[in-house]
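In the two assemblies presented below, chain A is common to both, partnered first by chain B and then by chain C.
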Partner chain A sequence: MDISTIILTLVWGVAIGCVYILLATGLNIIFGVMKLVNFAHGQLLMIGAYLTWTLTVTFGLNAYLAIVFTMPIVAVLGIAVERLTFRRILGTDKLNEIFISLGLIYIFENVALLIWGDRSKQIISPFNNMILDLSSISITYDRVVAVVVVVLALVAFGLLIKKTKIGLAMQATSQKDTAAQLMGVNIEKIYMITFALGAALAACAGGLYGIIFSFNYQIGAMPTIIGFAIIILGGLGSIKGAIVGGLLYGIAEQLATLFLGGIWGSAVAFALLIVVLIVRPKGIFGVKGE
Partner chain B sequence: MNTQKISQFVRSKAFLVIVGCFAILALVPLFITDNFFLTLLTLIIIFSIYASSWNLLASSGQGSLGHAVFLGIGGFASAMIGGSIATALAALSGLDRLPIGVASVTLQVLVMILGGLISAGLGLLIGLACVRLKAWYLAMVTFGFSVIVESVSSQLDFLTHGIDGFAPATLVPKGYPFYILVTASAFASILIMYLIMNKFRLGLAFRAIHGNEAEAKMIGINTAKYKLIAFVISTFFAGMAGSLYVYFIRYVDNSIFAPANSFAPLIMAVIGGLGTVIGPIIGAGILISVQQLLALPSVSEGLHGALGGFFPGIADVGPPLSLIIIGVILVLIVIFMPKGVISLYDKFNSSGEREKKKAPEEKKK
Partner chain C sequence: MQKKLLAIVVVLIIAVSAVAAWQLVPQTSAREIRIGLVAPISGQPLGQDMSRAAQLAVDEINAAGGIYVAAWGAYAPIKLISIDTVDDSPGNAVTPVKREVESGNVDLLIGGYGSAGTLANEVIAIDNKVPYIITGASNALVTRRGPQGNYGGLSSTDSQAITDADGMSYIFHYCTVTYDYGKTVVDFCNEVMKPMVAPDRDFRLAILYRNDAFGTGVEKATKYWIETENLPIMLIERAYDPKATTYQTDITAIADNNPDAVLIVDNPDKTPTIIKQGLNDVGLKTVYFAVENNQDPTFYSLLGSTGDKQMLEAKSDPFQNPSYLPAIQTYLMNFTEAYDVMPGVNGAVTYDAFFIAKDAIERAGTLDKAAVRDALEATNLPQSLLITKTGRIQFDTGINYHEINALTFMEQLTWNAPMDTLRAQIVWPATAPGISNFKQTDFVLPDNYVAGHP
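Showing the complex of A and B:
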C-alpha cells in the first residue's frame, strides 16, 4: 500500500465528511434549539438531491446554481413539516418524535419513488470528469468544490448565529426556552426559522451528495444515522464538535473501505460510534450529566 | 404468583378475552378457506408476536430501532439448526429427508424456542451495551447494530448463505397445520408477555422505569437489571417470531435485517396502542392488511391502471402507495390519538368517571 493511496483516501474522507457535516449541523441546531430529534432529516437531503437533479435536467441550470434554488424550496417544505407535525407533539413523550419521523420517512421516500421512479440518478455538474492532478494524487474537481461549498455554507451559518438578532434569539432559545420567551423572543417563530435553516442545509448537502454519488429514493436513511453518529461523536449542540466528528467519521469510513472492503465501511464506523457511546454516553466533547 | 392468584387470573375477563380471541382465530380458516386470507392471517399473527415483543421493551422505556437483528438471528439460527438436525435424523433412519410427523413437529417447536434463546443471548450482549443509553441514543445504537449485523452476515456468507438466501426444511406442512402452530405459539407468548407486563412485579418495575428512571432508582429499583431483563425477554420473543416467519415464507436471506423490518413492530405497536396487550395485535392487523391488500394482483393492477399514467417512473404503484398510507396513518395516530386505535374502545366503553381519571396530556408552550 503506497502512501499516495492513503493520502487520497484521507482526501476522499474529508470530502465525504464535509457533506455529512452539513447535514449534521442542520440536525444539531434543530436539536439544540427545539430539543427535537428529526430522524427524517436525511429524507430532506434526498428530496434536495432530486430537486437539484430536476432543476439541472429540466431547466438546464448549472448544478451548483440549482442547489441555491433548491435550498429555499426545501426550507418551505421543512416549515410545513414543523407546523403540521412536530409542533403538535412538542413536550409530549420523547418517543413520539421518533414515531413521527418514521411516518415522515415512509411518506417522503415513497412520494419520491412515485414522482422520480426507482432508477438511480446522478447530477451532472459543470466540472464533470475534470480531475485535479497533483503529481502523485489526482482528485475530481467536484470533491474540491464540495469542500469549498461546505466551508462557505458553514461560515455563512456561523455568521447568522453569532452576528444577527435572529441568531441571538436562537441561542437564547437553545439555552432556556421559557426565559427567552420572557425576554420577548417569539419562540414559535424561532422554531420555524430553525427548522427551515436545518432543512436548507440538508438540501445543500443533498445537492452535493447527488453530484458526488448516484442516488435513489432510499439514500436518506444512512446519512441521517451518520449525521447523528457525528453529532454524538462530537457532542450535542457543539458545531465545532460536529466538524471534528464529521471529519473523523468520513476518514474512518474511507480507511475501513480501503483496508477491509466496501461493505465494512459503515459497519466499522458504527462500531466506532457504539464504542464511544458505551465509554462516554454523552459523546467525546459532550458535557457529563443531564 | 401463587395458586390462588392463578385461579383468580384464569377467571378474569382479560384471560377470557385472550383465550376467546385465539380460539376464534384458530377456527376461522376452517370456515373461510381462502388461500390469500390464510396467508394474511398467518402473517398478522406472526407479526403480532414480533410487535408485542417490541411493545414489552418499550414498556420499560426503551425504544429499539434495530429489532430486525433479533428477528433475523432467530430466523437464521432456527433455519440452519432445523435444517441440519432434519438431515441428520433422516440419515440415521436411512431416508432422503425427514418425514413429516411427530418428530418433525417436535423439531419445529424446539428450533423455534432455540431461535428465541439464541436471539436472547445476543440480546443480553447488546442489552449490556445499551442499558446506560436513553431515548434516541438507544435508538441510534440499536439501529447501528442492525447495520453491523447486516454487513457481518454478508461477510460470513460461507456460514449464513445470506446473500443468495436459502429455504429451511419443511417440518410442519404449510396451510392450516402451520397456521395452528403459529396461533398456538402466539397464544402462549402473548399470554406470557401479558402476565409479565400486568401481573408480575417485573411489569411494575418496567412501568416505574418508563415513568421516570431517576425516581425508579431512588425507590430502590435496580434499573439496569430490569432494563436488561426487558431486553432479554423481548429479544427472545422477537427471535421466536423470526423463526416462525422464516419457516412460513420458506426463505431467508440478509434482507430480513432491513430497516423496514426494524420499523414494522414499532409502527404496529404505536398504531394499535403502546403499552397495551391488544394494541400491537390490532396494529399488526392494520399494517399487514394494508400492505397485502394493495399488493394483491387485482388491486395492484387496478391502481396502476388508474394512477400509473401519472407516475411513469415506476412499474407498480401499489407498494409505495401502501407505505404512504401507513406513514400518514402513523403520523395522524401519534398526533391525534397518542394512545392508539385501542383508545377508541376505551372512549366508547367508559363512563365519564374513567375519562376524568385520565389527565389530559399537558402540551408544553
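Showing the complex of A and C:
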C-alpha cells in the first residue's frame, strides 16, 4: 500500500467529516443553549435534502443556490417545531424531549414519504461528474465545494456567535439562562433563534448530503447517531469540539476501513468515542458539567 | 285479509325468483382465498413495488372471476393480506408473518424480500406448513436449508439448517438465487471480457459486497463457481457495513489490486452511489457489474449518465419497449397505467407468483395446504415475466430444491443523451429458450476503460 492511498483515505475522511460537522454543530448549539436533545435533527437534514432537490428539479435552480433558499425554509420549520412542541415541555422530564423527538421522526419521515415518494433521489449539481485530477488523487468538484461551503458556513456561524448581540445573548443563555434573563435577554426568543439556526445548518448539511449521496425519507437516522457521537467526542456544547470531533470521526472511520476492512469502519470510530469518554468523560473540548 | 295474502304471495314469488336467479348465475364466492404478501411495504422502496404488483395481479385475477376451487364448485376472489415487514430486518420480519399465519388468516404466502429477513420468517411457514412462494430473497439457503437441499452445504446441526423435511417442502423459490448471480458474472467475464482484456493471464474480478446474508451469499456463490468450473479468474474480495454511505476507501483498496472488473452487491439505492464513487472519486476506470435486484427505476435514475457502458445483471427487464417478451410489455403498460410509476423487477416476479398460486390452487381443487403444496411442486407453466433455462416454470425437486432454474442474463447500459435517459440492452447470452433474437447488441468496453494487471 503506497502513501498516496493513505493520503487519499485522509482526504475521504475530511470530506465525509465535513457534512457531519455541519449537522453536529447544529445539534450542539441546540443542546448548548437549550439543553435539549433532539433525536429528530437528522430528519431536518432529510427535509433539507428534499427541498433542495425540489428547487433544482421544479425551478431549475443551481443546486448550491437552492441550498441557500432551503436554509430559511427549514429554519422556519424549525421555529414551528420549537414553538409547537419542545417549548411546551422545556424544563420538564428529559424523557418528554426524547419521546417528542421520536414522534417527530415518524411525522417527518411519513410526511416526506407522502410528498416525495419512496424512491431514492440525488441532487444534480452543475459540477456533476466533474473530477479534479491531482496526479495521484482525484476527487469530484462537488466534494471540494462541499468542504468550502462547510468552512464558509462555520465561519459565518462563528462570526454570528462572537460578533453579534444575538450571538452574545446565545452564549449568555448557554452559560446560565436565569442570569441571562435577569440581564434582560428574552430567552424564549433566543431559544427560537437557536433552534432556527440549528435547523438551517441541518438543511445546509442535507443539501450537501443530497448532492454527494443518494437519499430517501429514511436517511436521517444514521447522520443523527453520528452527529451525537461527534459532539460527545468533541465535547457537548463546544463548536470547536464538533469540528475536531467530526474530522476525527471521519478519519478514524476511513483509516479503519482501509486497514481492517469496510465492516470495521463504524465500529472503530465508535470504539474511539468510548476510549475518549473513558479517558476524558467531558469530551475533547467539553466543559465540566455539560 | 285478501290484500295481506296477496302481499305474502308477491313476497314469496320475489324471494323464490331471487334464489333461482342466484342459483343460475355462476357462484363467485364460497369464501375468499387469502394470500399474504410478505414485503417491507412501509420500510423499503422495493417493498412498495412488490405491493403494487401484487395488487395489480389480484385485481386482474379477480376481474376475470377469481380462482376456481373445485371443492367448492365455485370461483373465489383473492383477498390480499398485506404483511408489512417494515425494514425487513430479521427482528421485524418475523412477528407480522407469525401473527397472520398462527391466526389462520392466510392460505398461502407470497413475497419475502431480503435474505436475512426471509430466512427468519420462512421458519413460521415451515413450522405451520403454509405454502410460501419466495420472490425476493436470493440466498439459496431459502429452499436448500432442509434435507432435500442437503442443508445447503451446511451441517444438519447448523443453526440455519432445517431438519423438518415435510415443513421445508412448503417453501418455493420463484426468483434467481445467489448461485445464478455468481455463475452469470464469472461465465460472462470468462467468455466475453477475458479474451478482450486479459487473453494471456488470469482475469482479475473484484467483488465489493454488503456484509449480510445477501452479500455473503453472492460472494460465496461467485467463489464457488470460479473453483467448481476451474476458471482462470482471480477474485479480489472486500466486504462493507450495510449501513455505510461512503465506499471510496474500500474501492481504493480494491483499486490497489488492479482489477479488470468490479462486481457490486447491493440494492438500487446504494449501487449507483458506489459506481459513482468508484468512477469519479477514486478514478477506478473499469467495468462495474450491478446484480439483478438493481433492475429498478431508482437504479437508472440515480446512476444517470455515469452508467454509460456499465453492466447490469438481469432476470427480467420490465423497462424494455419494445421488449424481448410481449408479456413484459403488457405488464409495463398495465403497471404504469395503474400507478403512474415505472415497475421494478421484484414486483414483476411477485406479480408472476400470484398466477402460479392461482394455477396451483385450481389444479389442487382445494385450499388444503398439503394439496396446494403438491400442486405447486407439479407446476408446469410457460415462462412469464421471468425467463427460465427451460422456457417453463417448473420447481426443481433435486439438489436445487424448489428453485425454478431462472436464466440470468447480462445487459449493458447506454446513456441516451437526447432522451436524457439510461437504457439497457441484452449482450449475453446469445440465446434463450422460446425467445428469438435474444441478444440485442455486442458488449463493448467503456471509452475510458483501464484494464487491470497483476
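Keep in mind that, in the parts below, the second predicted complex is superposed on the first by the 280 of 290 C-alpha atoms of A that agree within 3 Å, B and C clash if a C-alpha of one lies under 4 Å from a C-alpha of the other, contacts with A are read in each partner's own complex, and residues count from 1 in each chain.
Methods note: a residue touches a chain if its C-beta (ideal position, glycine included) is under 8 Å from a C-beta of that chain, and two chains touch if they have at least 3 such contacts.
As the structure is a prediction and not an experimental result, all values here were calculated from the model.
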Checklist entry - Would chain B and chain C fit next to each other on chain A once aligned, or clash? => result clash
Next on the checklist: Contacts for A:Trp12 in the overlay, against chain B (first) and chain C (second): which applies, first, second, both or neither?
Outcome noted: second
Checklist entry - Which of the two partners, first being chain B and second being chain C, lies in contact with A:Phe99: first, second, both, or neither? => result first
Checklist entry - In the superposed arrangement, which partner chain does A:Asn28 touch: chain B (first), chain C (second), both, or neither? => result neither
Next on the checklist: If we overlay the two complexes on their shared chain A, which of chain B and chain C does A:Thr257 touch? Say first, second, both or neither.
Outcome noted: second
Checklist entry - With the two structures laid over each other on chain A, which partner does A:Asp118 touch: chain B (first), chain C (second), both, or neither? => result both
Checklist entry - So, does A:Ile139 touch the first partner chain B, the second partner chain C, both, or neither? => result second
Item to check | Greater residue coverage of chain A in the superposed arrangement, chain B or chain C | outcome: B
Next on the checklist: Just checking: does A:Ile131 make contact with chain B only, chain C only, both, or neither of them? Give me first, second, both or neither.
Outcome noted: second
Next on the checklist: For A:Thr70 in the superposed arrangement: first (chain B), second (chain C), both or neither?
Outcome noted: neither
Checklist outcome for this item: Residue overlap on chain A between the chain B interface and the chain C interface 117-119, 263, 266-267
Item to check | Footprint of chain A on chain C - complex, ascending | outcome: 43-45, 48, 211, 238-241, 243-250, 252-253, 256, 268-270, 272-273, 280-283, 297-298, 301-302, 304-306, 341
Checklist entry - Quick one: in the complex, what on chain B touches chain A? => result 58, 63, 65, 129, 132-133, 135-137, 139-141, 143-145, 147-148, 151-152, 154-155, 259, 263, 266-267, 270, 274, 311-315, 317, 320-321, 323-324, 326-331, 334-335, 338, 361-365
Item to check | chain A residues touching chain C - in the complex, by the definition given at the top | outcome: 1, 5, 8-9, 12, 16, 117-122, 124, 128-129, 131, 133, 138-140, 143, 213-214, 216, 218, 222, 254, 257-258, 261-263, 265-267
Item to check | chain A - residues contacting chain B, complex | outcome: 37, 39, 85, 88-100, 102-107, 109-111, 113-119, 221, 225, 228-229, 232, 263-264, 266-267, 270-271, 273-274, 277-278, 281
